[in-house]
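In order of appearance the chains are A, B, C and D, and numbering begins at 1 in each one.
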């Protein structure tokens, strides 16, 4: 019994860390899909880019870990703004199929570019000393970096929720998600709002990619390999919501970890079964608005 | 003779919000009936309940005396309920005649057939062409809907509904969005509709309503305020207050 | 160039529709060393045709069509490994197995639309993938299923290692599929599918049992996909897990949209251009051909919506205008 | 006019004959992985082939040239690999096939080589039973039994309780089976085993499970590359070393090209394998130096680079012996009797019975040498070892 409780704590902890990373990466996708109705399959590209920027900053330029993470966020957010203005914005009115095709094209191109610049091997992650080692509490050892991941993600999420619930920008986003036409008619500059929101969503993905590089290795095929999980988080959570993907990410993180721990032979069955069950029960996702 | 369409104590609420309460409504065979009411009166909800797009919270809907409350959209159509949409809901990239033929084929029950070419079902095509001819659309039959002016697209809406040979026809703002120059065409068409079809028209254009309808029902806040002949409604003091008054004030 | 079906469309086969078959036959004689690639292209055309039926005509966006392709592939492979290597029975088994799965999953997923449907198709494919990955005694797991032999077709035509028999076999099967799909598209059923794609709401209002009709279309499409999968199994005499991967679904969708969907021949042009470009680029720039394919997709979306056949249509329309 | 034509034809024919005599070109079809998730491994093979071809063009008889034809199989994608092999044989008329990272791909190609009589040298694909599919197949790489079985026997002398964690595909299963057999035969006990899906990214839950089972040692196998790194990191993250659990495996889990990326997590990990870039044999030193000169000081060649290098060396040997006029059966004779006392990995030869590789297996430990992580060879566990599986499973 003691053993069981103790392993329960471990599973919850590791699941939480994994779920947090999934959430930070995917939340931007939920907002852009909800706000702009844009099916952006290339979202993982931004996460990968964040990882590469952070790792190059650290490995090639000797930049310290916190500054490298901040650089990843800013660089990718700015780059995504350019991309949004030049390419994405032209496709807001296009059909879903065109958007899918376009973003798959972007993934292909980014995979090739990443390979050209960084080669095929996963990039090494060297954490600063103060984030390595174990922390001991609740009668178990916990890796310090994962504790940091959880705490840091919680503060990011807190900031994000505060931003959406309490600021003028957040009010505009919420209004635009609910009633796009109305938001336009009351004079919200939706084009600028879209650009900023897109940049923030991509920046968050970059942050998640960078922080999660230790768990989800950064290598050129990243945007393809993990796409399914990002999409599942968004679809199970519900479009245009902040809380939905959070619950979904934790659900997936914890169940995936639990499955690996107790029934490793059942691999990834569980995640997909949960996804199917949730979507049949609530097609619009756990916290999505009914269509 | 039972009414063509009837509702008994029809109610609908979304959570705490009640959008239809205790609507009792009768549409006699061959009637020309108008449903009016200010924005948000619950007209659209009422139509959606009639057609089966949303289920009522309580109450019954009957077509020709038969309870259809539990039936799906397709089954209601089979029992003679046709409708048009307030905003054009057409097969945009398809030929005008096919828009009508799709409906005719559904009515005839041949839309399941998988082997013989659709064109070999001459009856469907001939009927669709004849229908378009009566609406003055014969010349446009082979164009795609997307290429037609809006006024003509409104007529296609009506043509599709007629292709179902309905006994009850719901016209949801048939003249909405049509430039005034073309709106007389709509009226001509409405006047020429077969007399045996019971028609319920939901409309904002009061000129049209008073020219076309023999009876008028006024809906406010999800309930029937009053029902009567156009003359009675025009004279009704309540209606003037909540509806016409508001409009002309 | 359009094959939209409907009650006025002329269903007779136009002269230009013989062109693909003439080219395919010509390839057999002119480019005998390209036949393995050719067989693969022909197989993918069948697969793309099956997707066109539900995506192009029915308007269902799916990232899970490989579930049916893979089921067909494994059904044919397992049959050959355990019971008989008779190719026509294998094709039938693949078709039926995939059709059955299509019917069951169609009943479930077609209750939803949009993102939920997309994700359900994705999840179902991934689930099938995991099942095949785990059932190693039947499927060989990640190592794939091989080591079976396919008997000569009708007892007469042996599969040779240069792929000549396989090519002709694929061509004949494709021809049959094309004929069937074309019949279907021009039939009242095909017309009603177009109606569902163009306007779901109106189709309901016209009294069409939309859900049931989509389930039927989905089942037919899944069966066709299974047929294509079985064909791949037989011509390569191997089944790898990749046939169930969602990447294959994505690639297929890309091919179809690239060619132009909802017009039958988009399913011919797309796989041909995509796979030949991939083959060519992969030889010239094995490390970076992905970039070329990606750039091609982005350009198509930016400048040529409607795919390659869409561009051709636009060019023809412009030529006609300048003439008149 | 007629005279002109016929003399022209004669001249052309003459030119063609003399051209043939002057330049005998041998085409070698090389199938590896350039795109997709497996491109890191494919890249290793590619580097090995290209390095050998660049440095050894002069080692051919005069007038004989080699033309490599590279193809991308996009990963563990057997039908694509088979198609490429068909094309290489039919269109390019290659006289050798080599490369191939993945076992399923090699298994799909092998039957073709039997039919078309094209010698096929596996530079990596290690599936233990592939040589039995085709008499034209030979392997210079390795089998997992070669490393995991002796490792099991060695480990049982030091540890009593082992937990196996392997990737869930046939090389993983083979490694698990071989280690378990070796370990049990020598008196050890397996307390648990896990097979990790190929798609897994986070290995911490598996390692947590191992930690809670409290074995003395973990036997790990992952395909070389990111999975190996991720699993090792998870081991380090949970500090299993401090919990008294040792980490051992086949050389796939500490490949030389990837080792620097693993960081200090890898320190102290013990493996058995046939090749280490840190080995101090002179042939290896020259090889590593040439590799660094070509691809950069920071990079180390992994065992796949050596696999490709030795495959090409063997093919060159067959070409030299036949003076560029390749006969498939003669080639297979030469390959079956092939011996190379001076490969970077030490002496190697082909077992004429099984057409599989015979080589030394070394016990190594990851240590820091000159500030860099290295697989330091401690002892030789077997000399010119045959594949144990084929010894246990002799065809009747």
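As a convention for this text, a residue touches a chain if its C-beta (ideal position, glycine included) is under 8 Å from a C-beta of that chain, and two chains touch if they have at least 3 such contacts.
Not measured: the values here are computed from a predicted model.
> By Cα centroids, which chain is closest to the centre of the whole protein?
Taking the mean of C-alpha atoms per chain, the most central one is C.
> Quick one: report the Å distance separating chain A from chain B, using the average Cα coordinate of each chain.
47
> At what distance in angstrom does the C-alpha mean of chain D lie from that of chain B?
Each chain reduced to its C-alpha mean, chain B and chain D end up 74 Å apart.
> Using the average of all C-alpha atoms in each chain as its centre, how far is it in Å between chain A and chain D?
37
> I'd like to verify one number: the distance from the centre of chain B to the centre of chain C, where each centre is the average of its C-alpha atoms, in whole angstrom.
Going by mean C-alpha positions, chain B sits 41 Å from chain C.
> Can you pull out the residues of chain D that are in contact with at least two other chains?
In chain D, 35, 39, 168, 197 touch at least two other chains.
> Give the residues of chain A touching no fewer than two other chains, as numbers and ranges.
In chain A, the residues touching two or more other chains are 111, 115, 265, 267-268.
> Can you list every touching chain pair?
Inter-chain contacts occur between A-C, A-D, B-C, C-D.
> Quick check: in the complex, which residue numbers of chain C touch chain B?
Chain C residues touching chain B: 4-11, 183-184, 186-192, 194-195, 198-199, 201-210, 213.
> Where on chain C is chain A touching in the complex?
Contacts found on chain C: 55, 61, 108, 111-116, 118-120, 122-124, 126-127, 130, 133-134, 246-247, 250, 253-254, 257-258, 261, 287-291, 293-298, 300-302, 305.
> Going by the contact rule at the top, pick out the chain A residues touching chain D in the complex.
3, 6-7, 10-11, 14, 18, 111, 115, 119-126, 133-134, 141, 143, 145-146, 214-217, 219-221, 225-226, 256-258, 260-261, 264-265, 267-268
> Inside the complex, what are the residues of chain D that reach chain C?
34-35, 39, 70-72, 74-79, 82-83, 86-87, 89-91, 103-104, 107-108, 111-112, 115-116, 127, 133, 168-170, 197-198
> Going by the contact rule at the top, pick out the chain A residues touching chain C in the complex.
Per the stated touch rule, the residues are 33, 39, 87, 90-91, 94, 96-98, 100-102, 104-113, 115-116, 224, 228, 231-232, 234-236, 239, 265-269, 272-273, 275-276, 279-280, 283-285, 291.
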